[in-house]
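Across the two complexes that follow, chain A remains constant while its partner is chain B and subsequently chain C.
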Partner chain A sequence: MPKITLENIQKKFGKNTVLDGIDLELGEGEFTVLVGPSGCGKTTLLRLIAGLDQVSAGKILIGDRDVTRLEPRERDIAMVFQNYALYPHMSVYENMSFGLKARGVDAGEVKRRVIQVAEMLGIEILLNRKPKELSGGQQQRVAIGRAVVRDPSLFLFDEPLSNLDAKLRTEMRTELLKLHRELHATTVYVTHDQEEAMSMGDRIVVLNDGVIQQRGTPRDIYFHPVNLLVAGFIGSPSMNMLHGKISGDRFASLDGAIVVETKNLPDGDVILGIRPEDIHQPADLTAEQHGCVLNCRIDVIELLGARAIITLIVVGVELRAVIEERYLKGISEGSDLIVVFDPDRFHFFDAVTGRRLNRDRFDEEQGIDG
Partner chain B sequence: MQKPDLSLQYRLMLPLAVVLLAVMAYPLIFSAWISLHDYRLTRLTDVQFRGWQNYLGLIENQQFWTAITNTMTFVVGAVSMEFVLGFSLALLLHRVRRFQNFYRAILLSPMFITPIAVGLMFRFLLNIQLGVIPHYLDKIGIYVDWFGIDLALFSLMLIDTWQWTPFMLLMLLAGLESLPKAPFEAARVDGASPWLIFRRITLPMMRPVILVALIIRGLDAFKVFEYVYAITRGGPGDSTETILFHIYKVGFRFFRMGEAASMAYVLIVITLILVTALYWSMKRR
Partner chain C sequence: MERFQHLRGRTSNLFLESLLIVALAVVLFPFVWIFVTSLKPPDLVAVPDVWIFEISGINWRNVLLESNIPQNIINSLVVGVVTVLIALAVGCPAAYSFSRFKSSAATRFSILAAEMMPPAIMILPIFLLLYQLSLIDTLWGVILAHLTFVIPVVTWFLIGFFDEVPRELEDQAMIDGCTHFQAFYKVILPVVRPGLAAAAIFGFVLSWNDMFYALILTGGESKTLPVAIAGFWTFRGVEMGKMAVAILIAIVPVLIVSFFVQKHLVRGLGGGAVKY
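After this line comes the complex of A and B, so read on.
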């Protein structure tokens, strides 16, 4: 039985529908990442689960207990807020022990658990400080400690790393994952950062405009996006999209620059998606993988280190490609470059509905409708 | 670089400094001088230096101590009622958005009436023979002499509460609304009951606002004069004789300025001590 079940959750603010028909099941001990652009309703969903706001329709179950109308304190959920929401007038120790004391845990036990968790998070020397005497990273740890110490049935994290600098963010990411491996607590982790989502989740749920677009493992989401929204949102730099037409098992882009053979795809207007890393140098692929060879002009080169993002122009269309740094020798902005594509890595989407068209073995296994 | 001409700054400040000296420093110093003399308006030709005699005399002065006690009782009673009422109302109102401007205007209106008018108004409302309130209380079998010896001081506290609870409400409401929302939500998720949230989150976070509101109201209540002047004139007996009214009586009715001035200085010292004590007790944690 799943630990947490959301059934057809809807949330309206006045006439504005922010969440619409959210169904979600979280298994015991699962780490689910909820990802989506800013304003898509992630925080709203977490607040509904926590009980801070009331659903407009739908049901929330913990185990088989219906908690939809219960107060937050009756739900046994811990939440780490985006801005930490520490109690400003309390010391770190008091911050962490507040929830336990509120639940009537006896003083000795409170002390034991707070100290144990503080040691686990490396904040035991901060216990007597006030939040305003802590750095952002330390406040973050306290907020996490406050949640962990309660040993709740569900953890909610609302973009907990978004206020940290890049280096600290990657460190904390690893640490959170370690923590999860130790505690095996059921967790919903919200982020707008698709890279963070990819690197953290057992399972990713992509939310957009208040609707769940896709759920699956990071690999599923990345390699088999079910629609244009997901395809465009996941991956950086984002997927190249080319408008075109399929007729008689042949795709031709509108400008005619790209022509490839297709199999089992209906005729009509489509959008072809190509990930930047699927644009290769001829030497990278064997001859039979050369589905399509293009002669482009290099517009911009952005060196990232071991790899570079290059912007290519083909008959007025811009393509972004990620190539290895060694290929940069001998090319420069303005020079010509020959690139090849592997048609097995093409993503086709219906130009009208945005849904994925090409079915591969993966789609058959998952039973996803094409 | 040229040195800035400091003397110009001082010269520009001079007119204001002179005005301030004339209207503030001069009366202060003059009254201090008066407080050390036997200065009577009826015997201005015969002003004697008395040293600390005026001050020492106060220790024995029963009327003075009665006035101090009355004032203290009044301040503590009135400000406590205003605080409890004001805070309760603020807690009730701070989440109500509907008709917000309407009820706020209604609730705040007593504040804008001049206290002497409020005094006169209640003098008639509560009058045992003419008043509309005793009239209706009488109909349901309750007979209360609001300005009798037992109740007079308490009635004055009620009037003060009527007029100044809105001020308390305004300050505390502004305080509540400026508190960050996040800690309250965190506490709800943490499992705290509304009462625990009030005690452990609301009260401590409101501490600075409460402190300021209490000090302002306390100092203001210390100066109570108009209600006494308009209604009881210190009576019955000396049951409502507050310190300011007593000073007024001694100074401007009996013309014993020296004694009145010494009382005024004692009052300043007492107020300073009280404010400092309150400040530190609230500030400490």
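After this line comes the complex of A and C, so read on.
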């Protein structure tokens, strides 16, 4: 039996429908990452699960217990807010023990658990400080500690790393994953950062426009996005999108710059998606993988370190590509460059509905509608 | 060029400073004058431009030991404290509600609507009501009258403080096992404590300073301090020396306490309006 079940959750604020029919099942001990652009309703969904707001329609089950109408305190859930929401007038110890005391755990037990969790998170020396005497990273740990110490049946994290600097963010990411391996607590982790989502989730749920667009492993979502929204959102820099037409197993972009053979795809207006990482130098691919060879002009080069993002222009169309730094030697902005594509990595989408058209082996296995 | 600007900055600072000094002198002079007056012997009290005289404690002795002023001070204190306690008990939950449940700027301003009217409009109905309740010339009567303006002001004052408390704080408390009301008094109230203190003092000062309602609603034993001060203006003339002493007693505590909460006072006076 799944640990948490959301059935057809709807949430409206006045006339504005923020969530429109969310169905989701979380298995015991699973770490689910909920990702979507800002304003897509991620926080709203967490607040509904926590009981801080009431659903407009739908059901929330924990185990087989219907908690839809229960108060937050009756749901046995812990949440880490984006701004940490530490009680400013209480010490770290009081912050961490507050929930246990409110639930009537006896004093000795409270103390034992707070100290145990504080040691686990390396914050035992901070126990007597007030939140305002802590750095952002320490506040973050306290907020996590306050959730962990309660040993709840579900953890909710609302963009917990978004207020940290980049370095600390990657460190905390790893640490949170370690913590999860240790505790095996059922967790919903919300982020708007697709990279964070890819690196953390056993399972990713992509939310946009109030509905779940896709769920799957990071690989599924990266290699087989089910529609344009997911394809455009996951991956950085984002996928190149070329408008064009398929007729007679041949795709031609509108301006005719790119022409490739297709297999088993219906005729019609389509959008071809190519990830920047899938644009290669001729030497990188074997000759039979050269599905399409293009001669482009280099517009901009942005060096990131080991890799660079280059913006290419082909007959007025812009393409972004990621190439390895060693290829930069012979080229400069304004010069010409020959690139090749691997046609197995092409993503075709219906230009009208935005749905994915390729049906490869993966799609058959997953039973996803093409 | 840079040096010139620096110089100009300094001269304009000098100019501002002298303005400030003038303003301070204008504001503070009456206090100094009253203080000096309170120490003058009776025969010099009515002569304003005498600055050198033998200091006399007679006015202070008269007021503190031989007049009703101590009783009036106690009356004012009782009225002020009780008014503030009731106003906080009512105003806190009210302000919290205005802050948390979406309220338009117009709704918030309506809290102050009664304040916008001249008190003369309010006094007649209040007088009649209190008369029916036999509360004329009692401290409870004055307290009720003061509540009509202290509650709105305290409420207004506190909205801004509640607005600054992130909602997540009470959400967290509720997830941690509190009811909404427990979250309010265990987490939110302690967080806005500076605001509560400032609101309490502000409300107290309003009540302490009120002359209009107290003058009409009290007399005899229930007179408050401002009314008693006005009482020194008798048909034999103004008893300037005693009046000066009473005035000092009336204003000094207010000044001292306000000084300690000035930061929060300014914040609160912006009320719930700033967020819109």
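As a convention for this text, the second predicted complex is superposed on the first by the 370 of 370 C-alpha atoms of A that agree within 3 Å, B and C clash if a C-alpha of one lies under 4 Å from a C-alpha of the other, contacts with A are read in each partner's own complex, and residues count from 1 in each chain.
Following the convention adopted for this analysis, a contact is a pair of C-beta atoms (placed from the backbone, for glycine too) under 8 Å apart; a residue touches a chain by one contact, two chains touch by 3 or more.
It should be emphasised that the depicted structure is a prediction, and the values quoted were computed from it without experimental measurement.
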item	value
Room on chain A for both chain B and chain C (clash or fit)	clash
First, second, both or neither for A:141, with chain B first and chain C second	neither
Touching partner for A:71 - first (chain B), second (chain C), both, neither	both
First, second, both or neither for A:356, with chain B first and chain C second	neither
Chain B versus chain C as contact partner of A:52, first or second or both or neither	both
Interface residues of chain A shared between complexes with chain B and chain C	50-52, 71-73, 77-79, 81, 83, 85, 87-89, 98-99, 102-103, 146, 150
Chain A partner contacts - residues on chain C that touch it in the complex	166, 168-169, 171-179, 182, 187, 190-191, 193
Touching residues (chain side chain B, partner chain A) in the complex	180, 182-183, 185-193, 196, 200-201, 204-205, 207, 285
Residue ranges of chain A in contact with chain C within the complex	47, 50-52, 71-73, 75, 77-79, 81-83, 85, 87-89, 98-99, 102-103, 146, 150
Of all residues in chain A, those that touch chain B in their complex	50-52, 71-73, 76-79, 81, 83-90, 98-99, 102-103, 146, 150
